[in-house]
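Order of writing sets the labels: A, B and C. Residues in every chain begin at 1.
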Amino acid sequence: MNRRICIDPVTRLEGHGRIDIRLDEEGNVDRAFFQVPDFKGFEKFCEGRAAEEMPTLTQKICGVCPTAHHIAGVKALDDLFGVAPPPAARTIRELMHLAFVFEDHLLHLFYLGGPDILVNGSACKAGKNVFGVFEELGAAVGRQAIAIRKKVRQLNALISGSALYPVCGLPGGVAQPVAETARQQIAATANEALAFARRLLPLFHEAVLKNNRFRKMARSHAFALRTYYMGLVDEANRVNFYDGRLRIVTPDGDTFVDFPAAAYLDHLREKAVRGSYMKILYLKALGWHGYLDGPASGMYRVGPLARLNAAAGMATPLAQREYERLFNAVGQKPAHNTLLYHWARLIEVLYAAERMVVLTDRPELSDAHVRNLPTQSPAEGVGVCEAPRGTLIHHYRTDTRAIVKQLNLLVATQNNAAAICLSVEKAARALIKNGAVTDRILNQVEMAYRAYDPCLACATH
Amino acid sequence: MVGARDPAIIAFLCHWCAYDGADAAGRARLELPCGVHEVRVMCSGQIDSGMVLKAFEEGADGVMVLGCEPGDCHYKEGNVHAMKRMALLRAVLQSTRLDVRRIRLEWVAAGDGDRYARVVREMAAEIRKLGPVFKPSSQDNHGR
Amino acid sequence: MAAKPKIAFYWCAGCGGCEESIIDMAEELLSVAEQADIVFWPVVLDARYGDLEALPDKEIDAAFINGAIRLDEHVRMVRLLRRKSKCIVAHGTCAHLGGVIGLANWHSPRQLLECAFRQMPSMDDPSGALPGDDPPDDEQEPPLPKLLPAVRSLAQVVPVDAFIPGCPPPPETMAAVITDVIHGRLPASGTVFALRKALCHQCPRVDSKPDAIEITRFKRLYNTSWDPEVCFLPQGLICLGPVTRGGCEARCIRANMPCRGCFGPTERIDDFGAGAMALIASMMAGGDETALDRLVDSIADPAGLMYRYSLATSVLGKGPDR
């Protein structure tokens, strides 16, 4: 008899999803489908709105990554109006973005995907959560993690109004400067963040990278996909979250293409999927061949592991050292095992903290001049940034009164949509045999998507 | 709402001018369309968008605000307030499904029954052409 | 020994911001988890819908629901939660008023889907099938929940006991209400956890707000500089603080940006947009129709500005005729 297993809803991620697994007569997986039952229509209902409202309106797509939308949106406005922000504003924006990346990645480690790898493998369903993590790691670590996230989010509130709802972005700058007194507080927080990241890495090594169960899964083909990888890089091909060019490498690590985000339509395509509201992005040059990985398929990935794969290194020393450590441990680059996203994410936490310290040291941070007013008539603009979960592109077309006529949003997790679906199916196939299904096995199947840190409200908007 | 096919129109009439105009139309036995519900207010400036929207919510297909000519307002500038509100409401309605022709601001002088009759007849004809504003539906659960 | 109170959290067409607001309780969240039994919270715990369905009716002391009602599945879920819970608290602007998701009500579901899945310049097949359009041909895929004809607020679908406004609500407010609930102090029916009065009462710039404001042309944020210490309104920039409930400590104003009304209307206002229109009309200078039309024209997207958060609960957002 054919059996059907439903994981409904998927948990410990942002958004709605369900996994539908069909077993054949032998009890092996015939098909596993990852459905995203969520859709709001931002791309339609933002039409007719004033362009300057886009950074705060589009960030309602996601309350977990509002800052990413705010940044991509404000950069699209810069492009739309042909106005560049003064150095202080650029520094402020990058600082707020990295502060957000830092604490959002930690949200994933402690609250979302992290419980899978931090809580003892035999723990039942009731223990796989942040409360279980704090029990496992100890109350002290838990308190520190909570405290540093709170401080960093307060840093963002200081700059942008609220970490939950940043409002400071304007074309050509930000709404207000950072006072010299605030700078001291910000610098203190940045240094505390770095200290925490430095303590966290060895803890992660002990608790996760030396854990046999994790090591086995991180080496298993069940969790590996040989895909292309994409991320923003600076002029030295190092990971950059705020700006740069988009670089795509092949599954073997060769440069495939390198382009400015404004040219995204030449390289990326979207397709609709019947049965789910999440659109799939794939590489135009290779085309869509179904849920397949490999060099002939247009499937690619974004986010922490992909960014490290697509780049030649990290721009800060401690993160660079850890980056080298990861690829030495794996023995090759690109690294294809999805569970390594967890490690790559922490490397980015370290980078974000180091970079925050660098930015808070910059003299222009407390400059009074934070806005250049637009002088040109608006027409079209593209803004890009690396959201924690992947590349985020905002594309606006307006009339001369800056009323939005069309907007196109390519949002982070969408770039991973095909890979997430394939990862889940591949893991299910490998782990579910002869009808044997336990909570533990289903949790491992879920680990195949959780490592990506999916944001499904973002991916469907 | 009224079972007949007559469009339901709420007409807010200012006491000092428009209401007197309506009265005059009545005394002269001028032909007036059915379905126009007259509501007397002291000044056209009293009517804000909230009242207009409430009228639509309660089943009106059209809403009129009739006041004194500019310069003749009993309260000096009440009708100017009405002008401002209606100008803004018209701009807002452009983005909505509520056709802007369903609201109308007109001046009717005291005693001008002819003008009153013409204005409400024009409105009724317009609303009849536009049809009912919301079709009733059993699926609509507006339970609040 | 008394059983721990049971609470649940659920998101409809939400964005996770309301969850973040709860997670921002920081250490206090750990106390909540100790003192209460969180039976369902998809972002943090592994409970499934089946676990919820298995609970006896009225077993949950309070269910906190955020997000707008956008899909048929949301209606099913909130009705389930209503049955299983003694108390339902709508938190966040989407549950309270429909939120920005309600802006979709100026379009039909078909228009929303056509735009996203066919008209975007990056879509590969402008005539391809839309999600949920045809039934799956070989029954391989689970049925996809459908869009309702219009977005609804929570109270338009199930009786709601209390509301916590804000997009998202301040973490301090969430913390206070959740703490009360787990100590047995359920909110009185109809409570709105925000000020009854306008945001101006919390605004650091209120002293610079004049009694009479005369604007001949409204300005737009993108090409205007403004005084960061002075009320936005006399500077010609629209701030909706005067018609918005206070409770957020004017967080946007303190970031030098005007209020956009996410806490919803003050107690005396029914339709937020109508209240906003009254505010703006009261500031308009000029007396002849041409000047007034030009003045109104200087407001970019008045409808979107004034109904940004509340369209779903306005007659103007009633959704397409059927």
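Keep this in mind: a residue touches a chain if its C-beta (ideal position, glycine included) is under 8 Å from a C-beta of that chain, and two chains touch if they have at least 3 such contacts.
Computed from a predicted structure; not experimentally measured.
Student: Suppose chain centres are the mean of their C-alpha atoms. Which chain sits farthest from chain A?
Tutor: B
Student: Taking each chain's centre as the mean of its C-alpha atoms, which one lies nearest the mean of all protein C-alpha atoms here?
Tutor: C
Student: Return the distance between the CA-based centres of chain A and chain B, expressed in whole Å.
Tutor: It comes to 54 Å between the two C-alpha centres.
Student: Find the geometric centre of each of chain A and chain C from their Cα atoms only, then give the gap between the two centres in Å, rounded to an integer.
Tutor: Those two chain centres are 25 Å apart.
Student: Report the inter-centroid distance (CA atoms only) between chain B and chain C in whole Å.
Tutor: Centres of chain B and chain C (C-alpha means) sit 32 Å apart.
Student: Note the residues in chain A that touch 2 or more other chains, in rising order.
Tutor: Residues 48 of chain A touch two or more partner chains.
Student: What positions in chain C touch 2 or more of the other chains?
Tutor: Residues 106, 301, 303-304 of chain C each touch two or more of the other chains.
Student: Two or more other chains in contact with one residue: find those residues in chain B.
Tutor: As it turns out, chain B has residues touching two or more other chains at 95.
Student: Which of the residues in chain C come into contact with chain A in the complex?
Tutor: 11, 13-21, 23-24, 26-27, 30, 33, 42-50, 70-71, 73, 99-101, 103-104, 106-107, 111-113, 115-118, 120-125, 128-134, 136, 140-142, 144-145, 147, 167-168, 171, 220-225, 228, 251-252, 254-257, 260, 262, 300-301, 303-305, 308
Student: Quick check on the complex: what are the chain C residues that touch chain B?
Tutor: The touching residues are 106, 149, 152-153, 155-157, 269-271, 273-275, 277-278, 280-282, 284, 287-289, 292-293, 295-297, 299, 301-304, 306-307, 313-318, 320-322.
Student: Looking at the complex, which residues from chain B come into contact with chain C?
Tutor: Per the touch definition, chain B meets chain C at residues 48-50, 52-54, 56-57, 70, 77, 80-81, 83-85, 87-98, 134-135, 137, 139-144.
Student: Spell out the part of chain A that touches chain C in their complex, as residue ranges.
Tutor: Against chain C, chain A makes touches at 6-16, 18, 20, 22, 31, 33, 35, 37-41, 43-53, 56-57, 60-64, 66, 77, 81, 107, 111-112, 125-126, 128-131, 134, 142-143, 146-147, 149-150, 153, 157, 160-168, 170-171, 175-176, 264-265, 268-277, 279, 281, 288, 371, 373-374, 395, 401-403, 406, 408, 410, 443, 455, 457, 461.
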